[in-house]
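What follows is a short report on a single structure.
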Amino acid sequence: MAGFRDLGFARVDTDRERRQGAPEAILAEGKAPEEIGAIARAMLEDRAGSVLVTRADADAHEDARARLAWVARGVPETRGLVAIVSGGTSDLPVVTETRVRAELLGTSVVVHQDAGVAGLHRLEPAIEDIERADCVVVIAGQDAALASVVGGLVAAPVIGVPTSTGYGAAFGGVSALLSMLSSCAAGLAVVNIDDGFGAGTIAARIARSAVAA
Amino acid sequence: MAGFRDLGFARVDTDRERRQGAPEAILAEGKAPEEIGAIARAMLEDRAGSVLVTRADADAHEDARARLAWVARGVPETRGLVAIVSGGTSDLPVVTETRVRAELLGTSVVVHQDAGVAGLHRLEPAIEDIERADCVVVIAGQDAALASVVGGLVAAPVIGVPTSTGYGAAFGGVSALLSMLSSCAAGLAVVNIDDGFGAGTIAARIARSAVAA
Amino acid sequence: MAGFRDLGFARVDTDRERRQGAPEAILAEGKAPEEIGAIARAMLEDRAGSVLVTRADADAHEDARARLAWVARGVPETRGLVAIVSGGTSDLPVVTETRVRAELLGTSVVVHQDAGVAGLHRLEPAIEDIERADCVVVIAGQDAALASVVGGLVAAPVIGVPTSTGYGAAFGGVSALLSMLSSCAAGLAVVNIDDGFGAGTIAARIARSAVAA
Amino acid sequence: MAGFRDLGFARVDTDRERRQGAPEAILAEGKAPEEIGAIARAMLEDRAGSVLVTRADADAHEDARARLAWVARGVPETRGLVAIVSGGTSDLPVVTETRVRAELLGTSVVVHQDAGVAGLHRLEPAIEDIERADCVVVIAGQDAALASVVGGLVAAPVIGVPTSTGYGAAFGGVSALLSMLSSCAAGLAVVNIDDGFGAGTIAARIARSAVAA
Amino acid sequence: MAGFRDLGFARVDTDRERRQGAPEAILAEGKAPEEIGAIARAMLEDRAGSVLVTRADADAHEDARARLAWVARGVPETRGLVAIVSGGTSDLPVVTETRVRAELLGTSVVVHQDAGVAGLHRLEPAIEDIERADCVVVIAGQDAALASVVGGLVAAPVIGVPTSTGYGAAFGGVSALLSMLSSCAAGLAVVNIDDGFGAGTIAARIARSAVAA
Amino acid sequence: MAGFRDLGFARVDTDRERRQGAPEAILAEGKAPEEIGAIARAMLEDRAGSVLVTRADADAHEDARARLAWVARGVPETRGLVAIVSGGTSDLPVVTETRVRAELLGTSVVVHQDAGVAGLHRLEPAIEDIERADCVVVIAGQDAALASVVGGLVAAPVIGVPTSTGYGAAFGGVSALLSMLSSCAAGLAVVNIDDGFGAGTIAARIARSAVAA
Amino acid sequence: MAGFRDLGFARVDTDRERRQGAPEAILAEGKAPEEIGAIARAMLEDRAGSVLVTRADADAHEDARARLAWVARGVPETRGLVAIVSGGTSDLPVVTETRVRAELLGTSVVVHQDAGVAGLHRLEPAIEDIERADCVVVIAGQDAALASVVGGLVAAPVIGVPTSTGYGAAFGGVSALLSMLSSCAAGLAVVNIDDGFGAGTIAARIARSAVAA
Amino acid sequence: MAGFRDLGFARVDTDRERRQGAPEAILAEGKAPEEIGAIARAMLEDRAGSVLVTRADADAHEDARARLAWVARGVPETRGLVAIVSGGTSDLPVVTETRVRAELLGTSVVVHQDAGVAGLHRLEPAIEDIERADCVVVIAGQDAALASVVGGLVAAPVIGVPTSTGYGAAFGGVSALLSMLSSCAAGLAVVNIDDGFGAGTIAARIARSAVAA
């Protein structure tokens, strides 16, 4: 058995869920609609627990703003808790992508939005949740200072997601990315700009294994 | 109790170990030797389990090449397993920094060096270890392709550490950093260039909680 | 004889096919449709073996997605084999541009798509072809790790084409470009981002001379 | 009267103190020692209130670590209060340059060092001072998150000074600079990397006029 | 009392005006129209003196070109004078954003537009105003040389706003930003590219406290 | 007389033609149509020899592709010769902008297009003209190698104009700009990317004074 | 048999010469002298045809300026011809590294140095050699215009090596790299900055297979 | 006659002075002392009017600070006037390189140093000279605002030389370079960072032809 399906234009990694505990996702950008459909069908035929399409066009009906479409057939039993904290209202699409991915992988998720450090007291309602979570995801653009503040508060692993919100010297997420990477808060690791999918994946892995024992 | 010691030139965060399970470390660059000494003494007087000095000058006798000095007084009981895989021989100092930090935080560490993808068969002896580890750290410079390859093989969380090895378009670690950040292997998060300290911290957190139950 | 046709707005290098074994191509971007037409006619009147228009507008009917139009009148007798391996489905337009250019220059081409390293086993069906090819072209975006992996496997020259697929820290192909340039796999050289035309040209030159003897 | 002294190699702006309330300073880098001496003498002969040499060589005896030398002959009567808060111990030279410049211009200065956000409680002793200051200067490297946190707490103008401390993705102060520039805390403006001189100048101007009435 | 309103998607910092003397503003980009409306209502219900929406869509009727909408209910009594000088006609939207913000915070504003240094005599009519202002804001794109020229003339604090006007090596405001940051005119601090909102905020703070006595 | 017209939104430098021998031009981007009209009328009323609008919208009828509109009322008597050589057909708009500006300033212009170095023999017909010209303007994108080749052939001053043609690593003209700036051909100076206006201005100045005697 | 030697700190790819026709080389930077010695011994014990150490310290006696040391025990029978053309005298170390590597792999090499395009006639003596070569390597810094000129003349594959010679906007080889990547001469592929080793490897592969038949 | 001398390691362009009116210069960096000597001898033997060595080591006795050595045997009769204006004292080495090169090519040079715009009145003594010069060279680092100010005052062609003076966001001359390139003063063209040699060359060409008649 090859472990993948050869569709000619694509080799669908049908072995990934077995090997890595999480099915491949479909990045819609650069793919034709019929290609996306064919890949999704191949995954479902090979018993993927779920299929998630990211960066989908406007016709994505599960969540248009986050540009997500998904089919959840066999989500694993829920284990572990991921806490998501975001810096501003505009980070919502990335919050959604992170949450959906983590939930499809079988994790509980709690979300606190718009807790940026320009008004630190807004972070207070999130403290209890981020302290009891098995993994914390911080989603923030511009200066991304929230990642360092949260990173200095908790004992759990922290995953930072820089976002492309902001203008000028925010440089489409580069400032947030550099800020997170050079954060003085140890225990923080970073994924790509706007990469809710990647953050949801590693956060779910961490959270699910944390209670596995 | 303020939770820190005020030395005038420094406010030592003596509360950090209680709050985050890991003591503050001392980045030697930009600090005078007597300042480093004073901070270390303050930490030990306030019962830090260990003190780790990174980027120390040549007189660091614990490990001169990795520029590390440390005092390990009360390392926690060992839990969990971190597997470190590096791309090349020149990545050794970062490997050491990661390993020492993780061990000081109470984790077992297994190391496989020089397993770069230009000769993929050299990765084979590492497969068993990276599959049984609670967290895998990939340390690589230049194209950092090893991170994507390892990231596609395992179910555990993967932490990537881009290194500044290489010349020309390696740009002091920038190529490796960008490569890891845009890796198509989900489940991978990245720390700063050459940041073995940060990688060791988050890897130990993940690994220790993985078996916590 | 000047070796070119002066159309006023353009000096068509009608001598290039004789001098370099391959006719000039027409990059459509920045040119008016009637200019493209006039250049093509001049080339055909001066007996170009083929005319290839790249980055053409939507009315390109030979291949709309790759934005290619072409006329193949006198393709040379086929010699040599080029193997193309791509990292993902979204790289298809660049794959097509590379393949068409190489075929127009008189080379056989075999293509393996979507063999990215996040699922290395998907590369296996390509192994035989890349080992027997006279030149291998690796087309990949994001981390472009595939180039290093392939570059470490074969004895033939490898040409890397970084693509602009991906988002965030992929930076429109810059990450892939830097990754390929700093690859630890010797024997790999790189062309411009998305430059299937350039890759097809040099690959065909290498492959055709390999069997010339 | 020309308003400057022409030394041939330099035109010393002896009118600046009258025009702008602050004498010109001497950036030592790129100047020969005898040139620095000649400029200083010209300033003193034209009754400058003080002469400050920045980035001086090791023989600067006023403050070797901050590379400062100065002569204070006629410092104006002290007015206003500037509060300086720094992120880490390594920022000390920039703290000193800011403090000395502001004091030479006739302002009181209070300093709180090593209050980085990775241990937010260390900022608490500074709160009272930053709330009563006429201008707050935040000096921080790496992610410079401290600037946003302080910027969200006070009503006074805040001047940020990114520093070149840190390694890797700190990029010699660029990350700190971008972070400060894209801070979500309004009321914050930024000077050049490590530019304690500029920060001291504008802070003193703001603080002195704040109580001028 | 929490000091903020939790709308689920947003935590409106209703305490900010009390804490910092200036209400939060609403950056429209990335927010849905109904979200903007809800935030504005929450601010008004909690007695914000004014509500300012920046980067609004075309339906902003207060000032479409500057993309501003605002409600001014309780502007503080006017104190202090801010002088705005701009380099070119195209900087108008940023001039407007700076002026409106400063006026909403209770400051008088005088504006001199199109005084770029390529024709220095055009700056003359502004001299009297910039010399009597409590704070000067210089708004300029391209080389932003105007900031250095003005910065060398006045004794008041100068705030620079680089703008994204220009093409080619203007790089969307980066040239202007770097030019302002490395200006040899001390006493100048800089805000983000096109950030009239930030400039208006800090300028109003400086100007209002200058006459406070 | 102030030497400028104050239109409120603009201060038209009506003295420039007297002072510098060339009237101000109007960069249309960022200006409203009525503003452009008002500036043009003010210039003409103050006896500008010509009015040139660059980067105009599609309704520019003098030359739509180069986005130019102009009124030539009092072009000075023609003196001197400027030779323009361009690398490719796509550089046409910049060629036109350079030519029109230089002609409006009273210089003869001769143009050779599409003489890129990939087919060096296409440069031959231009040799005679570039050798007799008083100033040579080289307009090229991508690698801009033509500037170095021409720069090594002639004794006249050479002005390079990098253009934004090309894709991928051409980076919108940055590659061409860097290539020209680091050219080993002495006697070459460079203007902004796509800045035909600037090139036409300095070239006309050089050429007109060359024959002035 | 694993195909590599595990030295603990290194896994020497002893299978590479069989698999890829060329032995691994040793990049000295970042390795201790005893490590370099141990790797070299392991390679020789496993019958490597040659051992090449690049970026060696001053004690490299085979070629100090190019920082090369090597042992040539079993160089393959010479086949094919590589022509190297360099832009300037300062490119000599990269020329040497390219030549030595290609010769160790069993290829004839002919070298033409200092043929930069600022004096195109200096290229003439090289024409015959580059026309008969099986592969041409162009080594140039600064604007690297030589690569485009040569790339437009020959029918053989061309490998470009940007060098770090030059200052200012040469940016350590970045200008040369970008220039080569965006060259309009098709049939040109590029290796890393100063990477003579990589260029020698791919050039030898191309040249040796060209006459294999 | 080939028009060059082949020294093996170098092909000295002995035809350049005839072809371009100015002899080749020798950039010392990257060349061995004996190579520099051999090139100089070859030039003198072939009757170069002068030999100029730039970036020479400390043993350069003509001007150590500017790192220049030269032999002037047959400087052409002086024609035309170049005016050099520099922004600060630290720009002296570049001023010297520009002046020496221009004088060796047979032009009169007048120099005004340290006339930066932070004290605009210091520019006044230079006004008369820059108005009567045939070409003006502006040499400035940091924000390089001086180039725009001078560029707006004169009718002669202006050549800008960005210098690497300054720190932080001056980025080794990049800020000055970008500022000059995006200057709103038309009639200004720019050479490489610190490239006094290039500026002296083009300025002398312009100035000498200006009075040639």
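General observations
To keep things simple, chains are lettered A, B, C, D, E, F, G and H as they appear, and every chain counts its residues starting from 1.
Here, a contact is a pair of C-beta atoms (placed from the backbone, for glycine too) under 8 Å apart; a residue touches a chain by one contact, two chains touch by 3 or more.
Given the structure is predicted, the values throughout are model-derived calculations rather than measurements.
Each step here moves to a touching chain, and the least such steps from subunit E to subunit G number 2.
Comparing each option in F-G, B-C or A-C with D-H by residue number, the pair that reproduces over half of the contacts is A-C. At the interface between subunit A and subunit E, under half of the residue numbers involved are used by both copies, so each side presents largely different positions. Of all chains, B has its CA centroid at the greatest distance from the CA centroid of subunit F. On a Cα centroid basis, the chain most remote from subunit C in this structure is D.
Subunit F and subunit H, compared by their mean Cα positions, are separated by 24 Å.
Separation between the centroids of subunit E and subunit H, computed from CA atoms only, is 42 Å. Between the Cα centres of subunit C and subunit D there is a gap of 55 Å.
Taking each chain's centre as the average of its CA atoms, subunit E and subunit F sit 35 Å apart. Residue positions 88, 118-119, 152-153, 168-170, 177, 181-182, 186, 192-193 of subunit A each touch two or more of the other chains. Listed by label, the pairs of touching chains are A-B, A-C, A-D, A-E, B-C, B-D, B-G, C-F, C-G, D-E, D-H, E-F, E-H, F-G, F-H, G-H. Residues of subunit H that touch subunit D in their complex: 65, 89-92, 113-115, 118-119, 121-122, 124-125, 165, 167-170. Chain contact summary for the complex, subunit F toward subunit H: residues 19-22, 25, 134, 152-159, 177, 181-182, 186-193, 197-199, 201-202, 205-206, 209-213. Note for the complex: subunit F touches subunit E at residues 2-4, 6, 8-11, 13, 15-16, 24, 27, 29-32, 35, 39, 55, 164, 173, 177, 192-195. Across the complex, subunit E meets subunit H through its residues 87-88, 116-120, 142-145, 147-149, 151-153, 166, 168-171, 174-176, 178-186.
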